[in-house]
Amino acid sequence: MRVAVVGASGYVGGELLRLLLQHPGVELTAATSKGHAGEYLFRVHPNLRGVSEMKFASYNLAKLTNIADIVFTALPHGESVKLIPSLTKAGLRIVDMSADFRLRDASNYKMWYGYDHPATDVLEKFVYAVPELNRDRIRLARFAASPGCMAITSILALAPLLEDRSFGVDSDHIVVDAKVGSSGSGGKASLSTHFSERYNVVRPYKPAGHRHSAEIEQVLAEVSGAPVKVSMSAHAVNMVRGILSTCHVFMDKVPEAVDLWKAYRRAYRGSYFVRLVRDKDGPFRLPDPKTVIGSNFCDIGFELEERTHRVVALGATDNLIKGAAGNAIQTMNLMCGLDEKEGLAYAPLHPV
Amino acid sequence: MRVAVVGASGYVGGELLRLLLQHPGVELTAATSKGHAGEYLFRVHPNLRGVSEMKFASYNLAKLTNIADIVFTALPHGESVKLIPSLTKAGLRIVDMSADFRLRDASNYKMWYGYDHPATDVLEKFVYAVPELNRDRIRLARFAASPGCMAITSILALAPLLEDRSFGVDSDHIVVDAKVGSSGSGGKASLSTHFSERYNVVRPYKPAGHRHSAEIEQVLAEVSGAPVKVSMSAHAVNMVRGILSTCHVFMDKVPEAVDLWKAYRRAYRGSYFVRLVRDKDGPFRLPDPKTVIGSNFCDIGFELEERTHRVVALGATDNLIKGAAGNAIQTMNLMCGLDEKEGLAYAPLHPV
Amino acid sequence: MRVAVVGASGYVGGELLRLLLQHPGVELTAATSKGHAGEYLFRVHPNLRGVSEMKFASYNLAKLTNIADIVFTALPHGESVKLIPSLTKAGLRIVDMSADFRLRDASNYKMWYGYDHPATDVLEKFVYAVPELNRDRIRLARFAASPGCMAITSILALAPLLEDRSFGVDSDHIVVDAKVGSSGSGGKASLSTHFSERYNVVRPYKPAGHRHSAEIEQVLAEVSGAPVKVSMSAHAVNMVRGILSTCHVFMDKVPEAVDLWKAYRRAYRGSYFVRLVRDKDGPFRLPDPKTVIGSNFCDIGFELEERTHRVVALGATDNLIKGAAGNAIQTMNLMCGLDEKEGLAYAPLHPV
Amino acid sequence: MRVAVVGASGYVGGELLRLLLQHPGVELTAATSKGHAGEYLFRVHPNLRGVSEMKFASYNLAKLTNIADIVFTALPHGESVKLIPSLTKAGLRIVDMSADFRLRDASNYKMWYGYDHPATDVLEKFVYAVPELNRDRIRLARFAASPGCMAITSILALAPLLEDRSFGVDSDHIVVDAKVGSSGSGGKASLSTHFSERYNVVRPYKPAGHRHSAEIEQVLAEVSGAPVKVSMSAHAVNMVRGILSTCHVFMDKVPEAVDLWKAYRRAYRGSYFVRLVRDKDGPFRLPDPKTVIGSNFCDIGFELEERTHRVVALGATDNLIKGAAGNAIQTMNLMCGLDEKEGLAYAPLHPV
């Protein structure tokens, strides 16, 4: 399969390149970048030195249609939406990494992203891709939007609780408290990402109004069949990769642990990339981003607190892999009839 | 004033020593340790090399009463309670760092700490010391319990919201999501604190049932005049010092920012060690432990989310200072008629 | 090929398991551990959860000879030497990770490791495996000793300078100043690896007398044809994986950069896992362990200082991969007639 | 004493402000900044929130002479030299933090800094201030240049070895291998200081030609009475504060440890801020920047290697304190007749 990455100079683009170059079913035919056209990939992504001699290309639609069957678009929000309609018309399959095609209700773009969606007809054709939840729809899709990194991590932790109505989740008081590494905010230098200012922080950079709330609410409403409100806060912590999403969920009556366990098992049976983690001892008895780094795994676990009628559901991912490039390639695999795991079944690095 | 530290070999003990050695109104007369008696302080606390030639002493009550006016007890929970009754009888003033004298309702010790409190008559004489909330009672006290590090950080962030009944806080759904550095779990080596296993983690080490919940609930019930339930989760993050407590508080109607601001100002007017942080821009526009390290400050801020009826109240401290040794010395200052700030008014280090 | 790992519970053992489980030409048939026999691999190596359902086995020579063609021994120094003679007699191929079979001159064991080598006849049969330097000998070997992590990193940086006699290296004043992550000192918890004590250090843990000096001198003497003295100092720095070896080499007259460049190119032509790094700009214009993490690459570069007659040769590796497990598997590939790169050609992760 | 800081918005400026605001003998009368005039200090230095309500001022020579007795200039190299001649004429005492007045031989500026020194008459009046080495000259000086952070750390480690001619140091092969935290490179954001690119590095950013070589050679030549060549390499490591300077020194015959120990003791008797560190055990048996953070201490230690005729001398400082602001204030204290320790005798923070 011939694959191109449009907007390949950022961290998500770089991670797509790394994984695609190693994917046995993929031929990487182009990596475009406005600012770096003509440069070797490894000048921007130093890990690719010795791995590929490819150079960044300029974006050229005609050329792209000749050399690619499927395109990953890793552009900023607002940029993707300008480019993608022409790509769809050209007959290319697309996995978009931006938020521009994630929200089903076009009117939500005004509220969350500040613009009127200019291509609602195209928007309708996109599937929001969480393979563990909607594998079958993805298999039939030509266009997919890969979720936000904190969104997918939280969704996978929460969905089984909302799906089973018998748990009686209080859908007005779902708190998602996310902790994210620096790569989640991209590769652009600024004072707030300056090492001396960023090291050792626990920075509440978006305690309210985080855009990923919209995606999480959208999916949870679907799986539960009723509106859901998500109270999300995002924190930057002292690491490069990884997300832990701590989801505080209230219920009238906290279920038995065994019943929760069953619900999670049922939900993720057959989903290789979700690992359920709930051990009696050891340093990693619950999900922790440390043990997924370098892999496409999403670790899920939970803890109960009867006293406060609370389930704490936990999700951990490598934000650049299951939170971005890995999930997108998993989506591509499904769209193209490959095994979901192909080119993705790497064990995490430990320790790292 | 002649001061002794009992149990001075741990991190809290070491921080007490560091601050007391520099305190202009204090003469440090003894530092006891079971395991290190006879050794130089600086063999255990390498920062004190060149600062003090004192050695650890064995614990000896008779001697202590001769050389000290006030004693800090920095012993493990369950140990303090065995020692303190004899200290009180000997006429010494005490600031206890353990949890053994923090909970007013003795029956709570069974539930939270697994033992029947053996000295309820002594327990009654202790004041739970949050100088910013009960300065006057501390001034009159002979015995004080210094709060848990996450407790005081969360209490200072939450109290003004609960104190003002007009905010209509939903006291059943208060979520406290705390992120803590490694020094909070002490100086004892284990697999889970082994550097290779601990670096880069976001470890949900106590997602439910954290003991500091009890202290927070106790104080919030007092300030609000009604029972309060706190849903607390604690996470270990990749740093040594610092706590960020993210407190998710639901209300029927989210107030105007200006009214919240007024409530916080009113609550902490005259409290040097609480800084209100809510800027329009910059990397540190909200509380972040990074900017309090090395100081006794507790930074407090908040963000509003109307859509979810939520106030996110944020507290940040250096867990070993305002979260432990600093608050205890501030308490001592008040108990002994000194200026609250004496020996404590250090600016944080930045960057660090 | 059927492969077993003896002593698989440490970090090197874990990394061997991770790589071997993903190696297309390998069937992992056993992983032994004294302390963890009967436990799932993933209880000790949390990254392997979901990757393998294998359990640790007890060591059993008879069984091993039935199920394995080649064995990796990842035991402590002094333990390996007790076990290996019986393995060699049983006809198994061996790649040993310890130091017990690295030094050609048996008398050196007394000096560097404090014991008289008990199996000098076996020692003779081992090849010290640096594939980039002695690929052909490895192909013919049945028994190989994989170098120390700092040794191989320094050797690859230095060898081309010593090999070419025309450079006139001053072999009495070669300084190797190494900086290593925590995983290099293994998985056993102690006060000095306790996170709070280990974070942020630049700890000169072995400024003189480091045992890897012996290996480096051995190889450099071979390539240069004359005795070489190496003045080595090792430092623990604030990261988990990675080594930078800074090699200060004095010469009568510093050569032109282009001539050095040629020497390095010549030495490593055809060696996929050595990347020469010497760019004009960018954050990674010289070797840095950050850009090799997760890979078997050794990055090599240099800088010249005419004024002091000095070449600074730099080597960077992931200490657990090219510094240990990766190099060992590369060695196995050669010993078994596979492509050197098989199961090893992963791109590094970036950023991480 | 009335003190002003010119160029107070950088990290060295910020550290000067922090220390001067807490200095009992100092009244801080102005802090100037081109880019931030009119802003509160704490907008730039978030640690100073609540500590000072001062604002940055514009630079104004006339005003400065009215309100200050002594001025710290914390400007970039090349800027200081333009400003300082007018300050000296105005009768102000000066401690300069830049390199512009450090090198005694004006012709060296061309070689190391690329400019012809425009004020050699002023240069002559400056003393290069290492209080531990030239306390008496500083006491008489009106103008002082505070050394570079790596320079002073290395000088203090090396001077006693060079001072005592009987050690027979090989002055052609002195290797200084320095490891520095990020704050050493200042507060300006760039790709190479972007957190995701800077975290976890061991970056050889200046393996040859480091400018601090010139300062070290200048001082060592003075103390030894003969020319000295320093082969310096500087590395950026994964922390914000701290320097470890590893100095590899060759000698014909390595002395007894006890004789070295005596030399160091003799050199630094009476120097409160130098601590000699050489313990038998413990995690901090040799100098490590971790145990000096937050203090003006320079820890010094050494190790011997007879086999290679080498002494490894080690120096550790907090680069912003003893490596910059602290040493400058110590210098000011001496110039102004105060106790050298005044406002500086803080114990380091540990752990941090």
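Just so it is clear, A, B, C and D label the chains in written order, and each chain counts residues from 1 on its own.
In this text, a residue touches a chain if its C-beta (ideal position, glycine included) is under 8 Å from a C-beta of that chain, and two chains touch if they have at least 3 such contacts.
Computed from a prediction, not measured in an experiment: that's the story for all the values here.
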Furthest chain, CA centroid comparison against chain D: A
Distance between the centres, which are taken as Cα means, of chain D and chain C, whole angstrom: 38
Inter-centroid spacing, chain D versus chain A (mean Cα positions, whole Å): 46
Residue list for chain C, restricted to those that touch at least two other chains: 11, 182-183, 191, 194, 196-200, 239-240, 282-284, 293, 351-352
Graph class of chain-chain contacts, one of line, ring, star, complete, other: complete
Of chain A, residues touching chain C in the complex: 11, 14, 18, 21-22, 43, 45-51, 182-183, 240-241, 272, 275, 277, 279, 282-284, 291, 293-295, 297, 299, 345-352
Touching residues on chain A, where the partner in the complex is chain B: 170, 172-173, 175, 177, 179, 191-192, 194, 196-204, 207-209, 229-231, 233, 235, 237-239, 242, 244, 246, 248, 250, 282-284, 286-290, 293, 303-305, 307-310, 312, 314, 316, 351-352
Chain C partner contacts - residues on chain B that touch it in the complex: 11, 182-183, 187-191, 193-200, 239-240
